Structure formats: C-alpha cells, structure tokens
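Next come two complexes built around chain A: one with chain B, the other with chain C.
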Partner chain A sequence: MKRSLALLEIVRMTLTILIALLIGYIFLLFSTKDVGEAFKWFLYGPLSNQRRFVEFLNNSVPLIMTGLALSLVFQAKVFNIGAEGCLFFGGFGAMLVALKFPQVSFLHLVVTLFSAALFGAAWAFVPAVLKAKWKASELVSSLMMNYIAYLLVLFLVNNYFRDKAAGALVSYRFPQTAWLATLTRYRLNSGFFIALSVAVLIGFILYFTKYGYQIRVVGANKKFGFYTGINVVLTTFWVQLLAGALAGLAGGIELTAMYRRFVWQSLPGYGFDGIIVAILARNNPFLVIPSALFIAYLRVGANIMSRMTGLAPEVVIVIQSVMILLVTAEALLERFKKRIVEREAMKGE
Partner chain B sequence: MKAIEAINVTKVYPNGVVANRNVNFSATVGEIHAVVGENGAGKTTLMKILFGMEKPTSGEIRIFEKPVQLNSPHDAIAMGVGMVHQHFMLVPSFTVAENIMLGIEPRKNLFSLDFKRMEQIINEYARKMNFELPIWEKVMDLPVGVKQRVEIMKALIRGAKILILDEPSSVLTPQEVNELFVVLKNLSQQGITIIFITHKLSEVKQIADRITIMREGRVVGTYRNEELSESQIVELMIGRKFEYDISRVKAVPGEPLLVVKNLNYFREDGAHILKNLSFSLRSGEILAIAGLEGNGQKELVEILTGLREKASGEMLVDGKNVLGAKPWELRQLGISHIPDDRIEVGSALDMSVAENMISDRYDHPPFSGRVIYRKRSVVEFAKKLIKEFSVRVKSPTTLVRMLSGGNMQKVVVARELTNEPKIVIANQPTHGIDVASSEFIRKKLLQMRDEGKGVLLISTDLQEVLQIADRILVLYKGEIVAHLQNENLTETDLGFYMLGAKRQSQEELKELLVL
Partner chain C sequence: MSNFFQNFIDPAFWYSVLRVSTPLLFAVMAALVSSISGSINIGIEGMMLMAAFWGNVIGAFMKNPWIGLLAGVASAIAMSLLLAFSHLKLRVNLVIAGVALNLFASGFTVFMLFALTGEKGTSASLGSQPIPRLDIPFLRDIPFLGKVLNNHNALTYLALISIFLVDYLIRKTPLGMRMRAVGENPDAATSVGVSMLRVKYLSLLLSGVFAGFAGSFLSMGYVSWFARDMTSGRGFIAIAAQALGGNSAILGALGALLFGIAEATGFTLQSLRIPSEITNMIPFILTLIVLIVYARTRVRSHSRIQEI
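Here is the complex of A and B:
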C-alpha cells in the first residue's frame, strides 16, 4: 500500500503542476496572440543558453536559504514568517561589516557573512523572545518585524551609507575583500554551493542529531514533548534563532555575490517565497533544493518570456498561486486515496 | 417488528481501519438490547452509523423495516432515533428545561420563550415515562446521573422511539446505575427500543433482553440473555477462554518515596480544585486514588508530574520539596507518568513507534552520542520493547497513528516503565482498551510494585482499583474523604464515598502521613 500511496503522491504533484500550467496558459490566451511562442519561452527559456541557465541557478540561491529557514520553523510547528525581515536585516549586517571591517582577504568575507547570519538571528530574537516570555503569537510579531526591518534599514542606509556618486539609492560599494566569488563568465553565484551544503547540513541536523529529534517531537505534538521532558519553549526559541540566521545569511550571500552594495529599496520577497518553497518541500530540508529550483525555474522562465515577447512576467505569480492552492488542497484525489486504503483494508478478508 | 436494522454494513475509516465488516444487527420494538465487545470491536462505529453520524462504506440501514439513507443525525432524529453520548452534549449554564427544549422551544412571540408551556410539555412527558427532573435548575449544578436523564429526555421529547446509549454506566456510581436501569426498564415498557453499549457484563445480565456480541468489527452473534452466562459472554467477546488470573501477594511496603503535604490548588477562575491533600506513597505498594471523573484527579496528576503550575503545599521526593519543578526535572528524579490521554499527551501520533518509545531518553547513550542521534539503536531497542510488551505492530517504524488503542497504550506504558523509575504515576492506565491489554498492563504495574517501586494509580475503574491496589484513597470534590486498606472491600462500599454520601472522620484520615 505504501508504494501505491507514494505513487499517488507523485501523480498528485504532477497533476498539480499541469493544472497550474494550464491555468497559466489560459491567462496568456487573454494577453497575447502568440501564446505558443510565449509559452515556449516560459517553459524552455532557462535552458535555452548558458547565461540563462546560470541566471536560473543564481535565482535559486536565496530561495534555498529562506526555504530552509522556513521549513525548519515549520518542522517545529512554529509559524514565524519573519524570514523576509531577517534577510533584509542580515543584508544590512553584511553591509556594515563589509564597509567598516579592515580589509583582510578571506577573513573579511567570512566575518561579513557571519555578521549577516548574526543580524538575521538577532532579528528573529525579538519574536522568539516575545513568544517564549509572553506567548505572543509569533505569526503576528514576525510579520510586523518584517516591516520594521524594512523601514529601519532603509532609513539607516539612505542616511548614513548612501553612495552619493551612484545614480540610485544604494550604499557604498563593498571592498573587494568582502566579495563572494562568482564563477564562469556568466557569473554563477558561488553561494549556490554554500546553499546546497547548508541544505544538507540542516537535513542532517533534523534527521540525524538529537537536536533534530527534539525539534521533530516538538513539531509533532507540543503537549507530548513537554510531558516527556523536552523543554518545548527553549526548543522553539532556538529554532527561530537558527532560522533567522539562515535567512540573514541568504541576504549576506545575495549582496556580497550579486550586487556588492546594499541595493534593496523594497523588500525583495525571498522570505515570502521561502514559505512557498517550504510548503512544496513538505518542510523536508533535502526536498527544499528541488523545490527552490522549481520556483526559480518558473521565475526565470517568466522573466525570459517577458523579455522575449514583452508580456508581463506576472503570469508566473498566477501559476504559483494556483499551485500552492492545489498543493495545500489535501482533498485533491482523495477519492482515489480512499479507494486504495479501503481495498488494502479489506484485503485481509 | 424490527425497530432498527443494519444489513451487511461495512465501514472503512479514511486511515484504513476497518471498523465494521459485514455487520448484521437488529433490535425489535420495545426490547433492551445490549451491544458488548472490547474497545475497538466496532460497537461505537455501528451506533454512529445507526444515528447518521458516520456513513457506511457499504450496506443498508432499515428503520421500522423501511430502508433509509441517513446523511446526518438530523435524518436519524426525524425517523425516531435518539442517542445519548458518553460525553454529554449539554449547555452547562442553561437550565434543564432550556437544555431539553433547545432548538425546539415553544415561543410566545418572536422575542420571548413560553416558559410555562415548556414546563408543561416536559412535565407531561416526565409523568408518562415515570421520570423526575429538576426542571429549573442549571445543568452545571446537577450530578452526573441527573444530567444523563436530561440527555435521555432531550432525545425522547424529539420523538425518539429508538434510544441508543453509548456506555451509559461508565460515568455513574453503582447507585446511579441502578436508578438508570429503573428508568430504562420503564421506557422499554412504554414501547421504546433501547440499545446500549457497554463492557460491564454484570449490567448486561441484569437488564438486557438480548445481547449482541462484537469482536474485531464483526458480529459474533445475537443471543437471548438467558442463553449465556457471564463467562460465556467474555469468551465470545475475546474469542478464547479467559481467566482473570491476576494474583496478588501481600505488599511489603518500605520507605515513603513521595510525600504530599497540604496540597492546595485553585483554578484560574478561582475554583478550589484540590483541598489540603496530604498522603504518602511508599515503595513496594500500589496506592490508588479512586473517585468519579472530575473530582480533581486530573489536576492532581498534572501537578505531581510538573505539567501544571501554581499549586501550594509540599511535594517531597527524597526529602526535598519539588513542587513546581519542571517535567524534565521530575523525570530525572525517577518519576514516570502514564497519562490518561494517550493521543493528546502520551504520544506523537505522526512519529514512529520506535521514536515514541525513547522520547524520555533520546539524548543519552545508546540512543544519542554527544550530537548524533542513532536511529539504528533506537529501532533495536524498540524491537526489544515491542516483544517484551507484546505490542501488535508490523515494524518499529510504523506510525503510532496506525495502532489500536490498546497497542498505543502499550507503547506508552513500555516507555514509562522501562526507564528505571522509582515512582510510577499511572492515570487511568487501562481506560478504553481491550481486556487482554488491560490485564497485561495491570500485571506490569504489580510487577513494578514487587520490584519495590511506588505506584500511584489514579482510576475511575473500581474493578481495577480493587484488583491491584493495596491502599485506596477516595477523592471527592478535591478532598480525600476516605482512606481504606484493600481488604474485603466492594464496589458499593467505595461508591458511597465517591458520591459524597459518606466520609471518614478527620481522626480516621490522620494516619495517612504517619504511615
């Protein structure tokens, strides 16, 4: 039965993606005459040349990191969705060190990224403490913290670190010692490999260490965890800090590798996309990698479609939303599941 | 004539549990029909199907010999089926009359209810059925037995000709049970068909006309009461010969392990839940706390295990006051806890049996090194426990969710008894599980006692208490009202104390701490 249920799950996923694409297709029908051409670029764009392929991989880097952060808190059934704020604040932390720390090669970069993680964790500390001490809903407080991070960082960057010589509202350029390398002439973000290793590390922690066991018990049943002697409050506290650090690191990697300045004038949205990535991955850190790649593929595909045909890339938002709806729709194909279960149950007759 | 009938009914739940397999069942008009079987035999599911709460996967239901399609309890009520659930569905702050008439209230006009008419209707019914009800009292002030009668009346006034009662006696004292039976006899004489689920066989023999026995989702057979003896019923229920062979050697109690002094607890709403409790638990004995549900047992257990805070008094373990300590601190002192709710508290349903078995010791060898969690040794250990506690499960990696109640409880018990506890606090350890598992768990508790542990047994099951306890405390409204040695006691003796009809004097109770 296990095998037929797993098969059903795969069928369900495929069906979900197909339905989502179909709805995307229908949307395109309304907006252009040459749907075939647009759709071709959308589906095949990221594979059409090396530069685009690298763009696709680069896009997945922050998604993997925030996806990991969120799957970690979701595993513990903590609904801290402050990854966006942590990422933003982490980016700020990276900028501070990048601009102010003595320019020692390698060490400078390490401290910069470390600072990003630290700032991310510090930002997550607030909702985590509010939750642990006063049982404040982490959902609300972490959401609010996103906006505080946004406005606070913008204020600081625009008033104290703004590069007046630059044509846009951005910080001073980071010195070269704080750059995270980009590879090949298409500038592949080497943070991609950091993200992959972090995913493996988090997966390892979750399934192969006692701390991971603790997190899973807390997520499975908090009452049970407390009863059986696990410090539930402390566990959820640390999980949020760790997730904050991951999100902060995502911000640091993105800035030191891709922009080398603090460039964000609005929330980049990776923290929110991380929620989608985590849901698609069913909160499994190992599955976060394909899940983030998939979302990145859609994103980049939409961008290429937009560039090649002049269509708005927003159609991808529609496709994504439909997919989330269907993935979370537990009842999809429920009838078949029921039939499999019933057949199996009666087999013993 | 047949009042209600199930023909070839099969029910498969979404999680794959087959609760009913080709069940045939019928009750004739005006009879009292007992449905017996172990927990998990499918009795409740069958009743839920007859009441429209669950739809059968296949099969047919007939009411008064007419095939019907029941989509909800509304349909069933409309056809004259009523059900009294184990847990009452009453609004505590409403009066009896308001509860009975809820949803079908007679009105004077759009805005006001016709209370006079209400009283009239209820009284009329009550007279017909030989019932007595305190119509204008609030339900929350009533004893359980009366609440149950309110529930019965609620069903009757909605036109029930067939009354289904789900374990009606489980919440009652022996005295209240007798009153209930008088009521049921009366109703059946009025032509009301009564179907009741139970697993107390003495009651079945006492009142039922016919008996349907279920086992593992099937109907074993339907018999006239006179045809079977109690032991024959048990054999049919569990499918083999069964002798209750829990023998108990006299306890050799030693040093006190746990001493509770002047324990008081006030709930957040100000209610005084535990009143000045003092007692001691010694090594090598089973001390039972008996009482009807809701007399403070739940709170007491939660306080003693660190799950509930803000109690006052003293809880001494090794001479140190540990009241208010956290659960993990108490576990380190060797206090283990079998909770009464194995689903909400005692296990993580979506984790494997193996992972559930080590939740209190996962962080040290052999299950974990300094950091690494060793899944293989966890599974090895679980295999051993599964065998030792004869848990019926395919593999240690099966999710606990897939287990029956009895096996789930064995997983909890296996964990709690194998971490070398000094004190075992067992709250309703055999509640709602099959006979064989119950017997197994009781034997294990006795074994713990004989090994010199102290066992605090909290139970509403008097049979269980009388079977394995050495001393018995009776808790009534948060007070200890009796302290008895378990010698020549009967359920009725305990019943008086449990109802608050009798209590020992302060002098008699004083010896509790001196022991």
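Here is the complex of A and C:
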C-alpha cells in the first residue's frame, strides 16, 4: 500500500506542476505574440550554457536554507513566516562583523557567518517569545517583523554604512578575509555545499534524534505531546529560533559569497519562496534539496526568459502560488487515495 | 517639540487621520466579517492589492473612476471566491491559502503592470481617474469638525457608514446571527439547519467586497496611481486591529483609527526631520504591542487570531 500511496503522491505532484505551468503558459499567451519562444527560454534556459547552469545552482543556495527554516516551523505546525526578515537582518549581522571585526583570515569569515545566524535567531526571538509567553499569533507578529527588519536595516545601512564612492545605494565592500569563496570562473557559490550539509544535518536531527521527534510530535498532535511530557511551549520556541538562525545564515552566505557588500534595497523574497520550497518538500529536510533546486530552476528560467524576451519574470510568482494551492489541496485526488486504502483494508480480511 | 503637540489640536491632523484610516477601516471590516464566521482571512492583503491594481487600470482605460471602483471590487471578490473554493472545496489550510493568494496578487499585479505599461514601479503613466471628493454644505460650516470631516474622498464616507452597516449586520440580522453561530460552533449551527458552507462562502465573499473597497481607495483616493506592493502590510495590520476589537465592528473601527493616528503621527514626525524609515515603522511596532496587550488582557475569547 505504501508503494501505491507514494505513486499517487508522485502523480499528484506531476499534475500540480503541469497545471501550474499551464497557467503560466496562459499568462504568457496574453502578454506576448511569440509564446513558444518565451516558454522555451523559461523551461530550458538554465541548461542552455554553463554560466546559466551555475546561476541556477547559486540561486538554490538561499532557497535551500529558507526552505529548511520553514520546513522546521511547519513540522511543528507553527506558522512563523518571518524567514524573510531573519534573512535580511542576518545579512545585516554579517555586514556588521565583516566590516568591524579584525581581519584575521578564516576566523573572520567564520565569525561573520556565525553573526548572520545569531542575528537571524535574534530576529526570530520576538515572535517566538510573544507566542510562548502570551500566545500572540506568530503569523501576524512574524510578518510585522519582516517589515520592521526591512525598514530598520535600510535605515542603518543607508545612514551609517553606505559607501558613497559606489554608484548605487550599497554598503562598504567587505574585506577579503570575510569572503566566502566562489568556485570556477562562473562563480559557483561554495555556500551550496554548506547548504547541502546543513540540509542533511537538519534532516538527521528531525528524523533521528529525540529533539526532532519532539518537534514532530508537537506538530502532529499538541495534546498528545503535552501528555507524554514534552514541553510544547519550549519546543515551539526553540524551533522558531533555529529556523531564524538558518534564515539568517542564508542572508550571510548570500552576501559574503555573491555580493561582498550589503546590496539589498528591497526584500529579496527568498523567505517567501522558502514557503513553497517547504510545502513542495512536504516539510522533509532531505526533500528540501530537490524542491529548492526545482524552484531555483523556475526562477532562473523566468529571469533568462525575461532577459531574452523582455517579459516580466514575475510570472514565476504566479506559478508558485498556484502550486502552493494545489499541493496543499487535501481534496485533490482524494478519491483515489481512499480507494487504495480501502482495497488494502479489504485484502486484510 | 511644541510644534509636535500643537499638531494634535490642528484639524488638518485629524483630517489626515481619517484619510489614512480609510483603507484600514474597510480592511478591518473585511477581517471582521470573515473572522466572525470562523475563518481568518490572511488574503486581505492580496485582495486589496488586486483591487488597487484593477481599480486604477480599468478606471484609467474607461476614463471613469466608478467603473474602476466596480472592477476593483469585482477583482477582490474573485480572489475571495478563489480563497473560499480552495479552503472549503479543495480543503487547503486557510492560512496557507491566504499566503498563496497574497503571493499570487503580488506577482500577478507586477506582471500585468509590466505587460500594460512597460514599467514595474507604478502605473502613473496610464493617467489617473481618482474618485472625487465630496464637499458637503452643512458639514462645511461647523467649526473645527467641518475641517476634519468635510471634503473627504467619497470612499471615506462609505467606510464610516460601513462600520454601522457591519455592526447592524452582525448584531441584528438573521444572516449575522448565522455567521456568528457558525463561528462559535459549526456543529451546533449545522444541527439546527444552518448551511455552514453557504454561510462561510458568503462571509468570505463579503470580506472580499470590503477588501475591494480598501484596495480601490489606495490607488484611486489615497494616491492616484498603482505602485507595486502598495498595500504594504495594511491587510495584516487590519487583522491585528480587528483582534483588538473582538467581535465588535465599533471597537474594531476604533482599532483602525488608532493605527490611523499612528500613521498620521509618523507623517508629522517626518516633517520634523525624523527619517521616514523610522516613522514608517510605527504602525508595525504598534501592531506588535497591540498583539501583546490583546493577548494579555483577553479573558476567554473566540477570536481566530489566537488559534493560528
């Protein structure tokens, strides 16, 4: 039965992706004459040359991290979607240390990334503590924290760390000791390997340790967790902090490897993309890797399409939101699932 | 500093409070009518954004703000039906569906804006058809109050009226009673023959109507163009303001006014050379404080905001 259910799940995913892409196609149909050309770039763009392929891998790095962060909180059934703010604030934390810490090679980078994670966790602390102490909705408070992070960091960076010699509104350049290496001449972000190992680590914690088990029990049934002696409040608190740290680290990696300055003047959106990454992965950290790669593929495909044809890449956001709705639709193909379960039950008799 | 305090006895300040409160008032009503029947509408933000976009664009194309308003509200209703269908028929988690809807609106509006105007920032190039302001003769002559209440956008008056309409709806009408019953205890409501599905559909639809007015006001009254993500969290702020007022439309409206005062104070502070990043933070920080205060003082409430 497990096999047929897994098969059904794959059918569902495929169906979802096809429907979502079809809707994207229809959107493009309305906005361009040569929809075939546009769609070709969208689907095949990231594979068309090496540079674009690396761009695709690089794009998946923050998505893996934020996808992990959201998988964790969703596993505990906590709707903290503040990953965006944590990532932004984590990026700021990285910048602070990168610019102010003495330039000791290796150590400087480690402290920079650690500070990114710490700042991310600190930002997640607010919704987490409001939830733990007063049961205030973490959904609303984490969203508010996103806006506050954006405004606060922008204020601090533009007023105190702005490099006036640079043409754009960016911070001073990080010293070389705080750079995360990029590999090959197409600049593959070495954070990719960090992200992969973090994914495996989080997966291990979630499925093979006591703490992970606690998180999953709290998510599956809060009352059961309480009666078996799990400190539900504390578990949901820590899981949000850990998620914040992951999102913050994502911001740190992105800045130290790809930009080497604080460059964001608007929220980069990785935190929100993390939602769809986690949902597609069914909140399983191991599956976050392929899921993030898939979303990164779509995003880079959309960007390449935009560069080649002049269409707006935002169509990919529309496609993602349709996917969220369809993947989480419990009623979709439910009849088949029921039939499989029933048939199996009959066999037993 | 004395400037700052003088500001509060200036009618122009209170006029601007009403102006900035208008979208919040509508949005709080949107949050209320859905929350009262047991569904928290996270998608208000997206519905507003959609309405702001279509209201402005259709208004500009048809050269008529009222047709624009109609299109704006219709688009928000379409979004609310999509939300209701996903949640009630496809059984998507309501919060996730709301988040998806917001993402959808954010991507869709930018995509369409670019397709229509070739720009990604604002729709200013389309020209604008703002909804007219109303000059009401007998209001004009009242000292002080006249300067506060008169010469507002037509939608501002509608927002004020809708507070009392919603209050009447949920307290006095059979439909309102059914909505409350479904919100309190769906099984009990069903057992006495109330169709839970129909009531929930209806209240989400109504929520869409109010969100539509809120969004249309933003692009056709507050300013006269559409800008990407121009709702900037008002839909979520409204959810917090509604929680503050519990199940009462009047208290919810007072909550919206509180946020309006915060926003207007922010403008005053900006004129005193305090950076806009800091003053823009005020409503969001206030939301956090409201969440805490509300959570601490509640005895035992049925508000949805606690359950998610």
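Here are a few things to note about the model shown:
The rule we apply is simple: the second predicted complex is superposed on the first by the 345 of 349 C-alpha atoms of A that agree within 3 Å, B and C clash if a C-alpha of one lies under 4 Å from a C-alpha of the other, contacts with A are read in each partner's own complex, and residues count from 1 in each chain.
The rule we apply is simple: a residue touches a chain if its C-beta (ideal position, glycine included) is under 8 Å from a C-beta of that chain, and two chains touch if they have at least 3 such contacts.
The structure presented is a predicted model; accordingly, all values stated were derived computationally and were not measured.
Superposition of the two structures on chain A shows chain C fitting alongside chain B with no clash.
In the superposition on chain A, A:143 makes contact with chain C only, while chain B stays out of contact range. Partner contacting the larger number of chain A residues, of chain B and chain C: C. Touch criterion met: A:217 reaches chain B, while chain C stays clear of it.
By the document's definition of touching, of the two partners only chain B reaches A:209; chain C does not.
Once the two complexes are laid over each other on the shared chain, residue contacts for A:318 go to chain C alone; chain B is not touched. Judged by the touch definition given at the top, the superposed model places A:79 against chain C, while chain B stays out of reach. Our angle of interest has its tip at the CA centre of chain A and reaches the CA centres of chain B and chain C; in the overlay it is 70°, to the nearest 10. Once chain A of one complex is fitted onto chain A of the other, the partner contacts of A:226 are limited to chain B, with no touch recorded for chain C. Closest C-alpha contact of chain B with chain C, superposed model: 6 Å.
The intersection of chain A residues touching chain B with those touching chain C, taken from the two complexes, is empty. The residues of chain B lying in touch with chain A in their complex are 10, 12, 14-18, 21, 57, 305, 307, 326-328, 331, 337, 339, 344-351, 355, 359-360, 362-363, 367-368, 371-373, 375. The touching residues of chain C, counted against chain A in their complex, run 42, 86, 89-93, 95-97, 99-101, 103-104, 106-108, 110-111, 113-115, 120, 232-233, 236, 239-240, 243, 275, 277-278, 280-281, 284-285, 287-288, 291-292, 294-296, 305-306, 308.
Across the complex, chain B is touched by residues 1, 207-214, 216-217, 220-221, 223-231, 337-338, 341-342, 344-346, 349 of chain A. Those residues of chain A lying in contact with chain C across their complex are 27, 30-31, 79, 81, 126, 130, 134-137, 139-141, 143-145, 147-148, 151-152, 154-155, 158-159, 272, 275, 279, 311-312, 314-318, 320-322, 324-325, 328-332.
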